[in-house]
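Just below sit the structures, each encoded as structure tokens.
In what follows, subunit A forms one complex with subunit B and a second complex with subunit C.
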Partner chain A sequence: MIKYLKINWILFKNAYIRDSKIPGVILSNVTFHLLDIAVTIVFFKIIFSNISELAGWNFYQVLFLYAFAKVIISINNGWFRGGLKDFATELIRRGDYDFYLIKPVDSMILVSISQPRIYNFIAALFEIGICFYAVWAGHIQIGLINFLWFLYLSFFGLILYYFLSILTIVPTFWFIRLWSLQDLMGRLSQVMRYPSGVFPPFIRTILMTVFPIVAVAYLPVYTLFYPPKMEYIIYIALITIVFGILANFIWQIGNKRYSSASS
Partner chain B sequence: MSIISASNISKDFTKVQYGWPNFWSRHLETKTAVDNLSIQIDEGELVGFLGPNGAGKTTFLKILSGIIHPTLGQANVLGFTPWQRNHDFLRQIAIVMGQKNQLWWDLPAIDSFNMLKEVYEIPTRKYHKNLDQMVEVLNMKELLTKRLRNMSLGERMKCELTASFLHDPKIIFLDEPTIGLDVISAKSIRTFLKEINKTKKCTLILTSHYMGDIEELCKRVIIINHGQKIYDGDLAELKNKYAPEKEIIILLNDLEDKKKFAHLKGKNKKIIENKGIIRVGKEDLGLVVSEIFDNFEIENVVIQDIETEEVITRVFEKKQESSAKN
Partner chain C sequence: MVSFKNTLAYKADFIIYIMANMIFFFIYFALWKNIYTSSGVTEISNYSLSQTITYYFIVALIFRFDPVDSMYLGNTIWNGNFTNDLIKPWNAIFVDIVYTFNELLLSVLLYIPFCLFIFVAAHQYINISSPVNLIYFLITLLLSVFLAMSFYYIIHAFCFHFGDQNANLSLISYIVAFLAGGFFPLAFLPGALKTVFILLPFRFLFDVPTNIYLGKIAPSEIFLSWGQMILWTILFFSIFYMVYRTGIKKYTGTGR
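This part shows the complex of A and B:
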């Protein structure tokens, strides 16, 4: 564990040095990110000017859920997306994955952490700010127990999102030219912004069990606003472990399938 | 004692193709890259793998280093099955590929080295000792703070080699380490490899298309073609077996020299510009040489072995002939 933290630290340090030399990259990415958030908030405003609740959630609760989902996505993108994004196009197709396989570290983790992006963490700070604003402006009362359970569920949500990202990218081992996979998680994560009640029962079941992307943000935020449900608390830990084992297992099968591009 | 032992290794690559007009029917295309290959390599050996493009050299190296799984066969490298990728095994090997970078493209070399220190869990003292040694031998102090993307190919290769030796690997797989390098850089890399093999007693497995690399570094060569081993042994013996004759080159200064050359004994004679080249079997060598020394000045005469490239070509030709007969 300490080894991975040290590797992470070096990579972060270098990402910071690299990005700070070209501040325009950070500035433009953060601006684009904030613009996206602003447009979505306007979209929510339009919806809530016509209705008072969305699946029983008011505007500020939905705003909090949206901002919290963005925090999870931004932290994951900052930490892992850079490496995973290049996985199909660079590492597998060109055979650069060879060098990850011959290192005495977990290849899945090394690929994931290989290219951190600082601007995503800066964007996450703004998104945390929106969360605070939603609580303040919506006069949302939060108990200490709710908050502690929220932190617990957020931790699992963060890890669950990572494992789901792995599962969307891992078919690259078999389908080398399926580059659209790198955008799949971005598309799927759009559903995280809505309370689960907005989805029809069948879709909701799928998004909570088969591919539990909705559980990532919805369960922690629900626990923050409403009395904590023990089944949610157990469920998120359970699916995180199950999907962790599944992601790791399929990755190992992929490693066996890996044929390495010729030199 | 064998540090690498591989028996009956085969590797097939299967390509699945879908296409019109039969979209739903799969078409499987299988290519055998390595075919029933067995080898034994002892500790401290410097072995060269030779063969044309697509012969299976790199695939075999990747199997031995654990990058890919074989279709069939067994291998034992340092007491481990390579493709199980045990971390204790991976800590004892390194691979250098002339056409790929293991170092991080955007990072200064020293940062990549620092990261490898953590990846391989190299003790700080050992890391600095090895790094200082490599920096001195490869004369690359000024490269440490340079980003990989700003380096020339030769500079990059120096850094790749440094990265590979930081953790004191017992086996180093080198896949065309001098490809694309100029003569001076290639020479310095070869000198370094020879030195490191001697001082660190590590086993080096090398593939290269450059005969200079093989001749200078490897006593033992393994020739592969179509995934099959066609020769495994001493390079000098290979030359004796497939090209036992010598090549005599005589500098022809004037027309008189050319006339004398035309009258020399020996069947295989040719003149290229002002050089007369004659090939003589060992049994006639004494006779022909004394005749040459009677007619030409000694400083204008060079006697040498047949070039290794030609020897290898002959090996392939003989193999093709024998397989055509069968």
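This part shows the complex of A and C:
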């Protein structure tokens, strides 16, 4: 564990040095995130000018859900997306995955943390600010117990999102270049911004169990606003462990299938 | 032919990319159906539920015609491969335009099965346009492709002067999609904001073609729109050509 934290720290320092040399990239990426937030808020305003509740959630609750989902996505993007994108588009195709395989650390983790993007964490700070604004402006009362369970579920939600991202790119071992599945992850992440009640029951079940992307943000935020449900608390820990085992298992099968591109 | 082969080199990647783009439609389908049915309203800004769903169906189709991901002028300038086109006995910009249209054509052809799937899944809520409106829609769509390309070429040409523009292109294309009505009908916007959006040329990329399909625009206004689109295209292309000519003088072809 300490080993991975040390590696992570070195990679973060390198990422900071790299990103700080091109401030324009940081600026345009953070601007993109802020713009996305602004556009979505305009969209929510349009929706709520016609209704008072969306699947039982008011404007500020939905705004909080959206901002929290963006925090999860930004942290994952900042930490893992660069490495996973590289894996999905280049590492297998060019045979550069060898570099990661020969290291005395887990290859899945090393690939994931290999290319952090600092600007995503800057965007996450703004999104956390939106969360606080939603609570303040919406006069949302939050109990200490709710908040503690929220932190617990958020932790698992963050890890679950990572494992779901792994599952979307691990087919690259077989298809060589498969970045579109990661793009699929980005598209599916859009369902995280709405309460689960928006979706028909069959789709909701799929998005909570088969590919539990909705559970990542919805369950923690529900627990923050409403009395905690023990089934949610147990469920999210359970599916995170299940999907973690599944992601790792498929990754190991992929490793056995991998044959370097050779030089 | 080259762009066809390039795009289909990794078929699974491309097919899944198009499938991923279907999700956009189904998310908004579920969202607006929930909004209309739970609130009991029959119309929002003169859009019924079926018109709203049809709007997103057509917008999802128009996104396949969005040239921003199919234009490579900026990349070739940045990596120096543009030299290869410059020394050839043909116009480098013309080659890039042809390449872009090839990619768009392939993108549309491969999207057709998924378009049919969406139509079958949501046919109760999707309106079929009249033949006349369909023809008007297709002509407007073609003009919108030229308009979009002439605008994005300006950004690509900035590569000569300011370097890699990929990050700016992503940002600008997102803004353009928002201003063009790619996320919701512009009619849903409140008064003052709607006025600003209507003054800009980007509404001709998504909102206007879709409303033509829905039969919400009279023929006289359609012809007026075509005139405006042609004028904006000429203006953007003129700007692009000025930036391009000044950029060619600075171009060294060393690449990165």
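Rule of thumb we're sticking to: the second predicted complex is superposed on the first by the 262 of 263 C-alpha atoms of A that agree within 3 Å, B and C clash if a C-alpha of one lies under 4 Å from a C-alpha of the other, contacts with A are read in each partner's own complex, and residues count from 1 in each chain.
The definition used in the following text is that a contact is a pair of C-beta atoms (placed from the backbone, for glycine too) under 8 Å apart; a residue touches a chain by one contact, two chains touch by 3 or more.
All of these numbers come straight from a predicted model, not from anything done at the bench.
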item	value
Partner with the higher number of touched subunit A residues, subunit C or subunit B	C
Subunit B versus subunit C as contact partner of A:S20, first or second or both or neither	neither
Which of subunit B and subunit C A:K6 touches, first, second, both or neither	first
Touched partner set for A:N29, first subunit B, second subunit C, both or neither	second
Partner chain(s) touched by A:T205 [first = subunit B, second = subunit C, both, neither]	neither
In the complex, subunit C residues that touch subunit A	10, 12-17, 19-21, 23-24, 27, 30-31, 34-35, 38-39, 41, 44, 167-168, 170-171, 174-175, 178, 183-184, 188-190, 193
Contact set on subunit B toward subunit A in their complex	13, 58-59, 62, 65-69, 83, 85, 87-88, 90-91, 93-95, 97-102, 104, 106-107, 111, 114-115, 118-121, 175-176
Residues of subunit A touching subunit C in the complex	24-25, 28-29, 31-32, 35-36, 39, 42-43, 46-47, 49-51, 53-55, 175-181, 183-184, 186-188, 190-191, 194, 197-200, 203
Residue numbers on subunit A that touch subunit B, as the complex places them	3, 6-7, 10-11, 13-14, 18, 94-96, 98-99, 101-105, 110, 114, 255-256, 258-260, 262-263
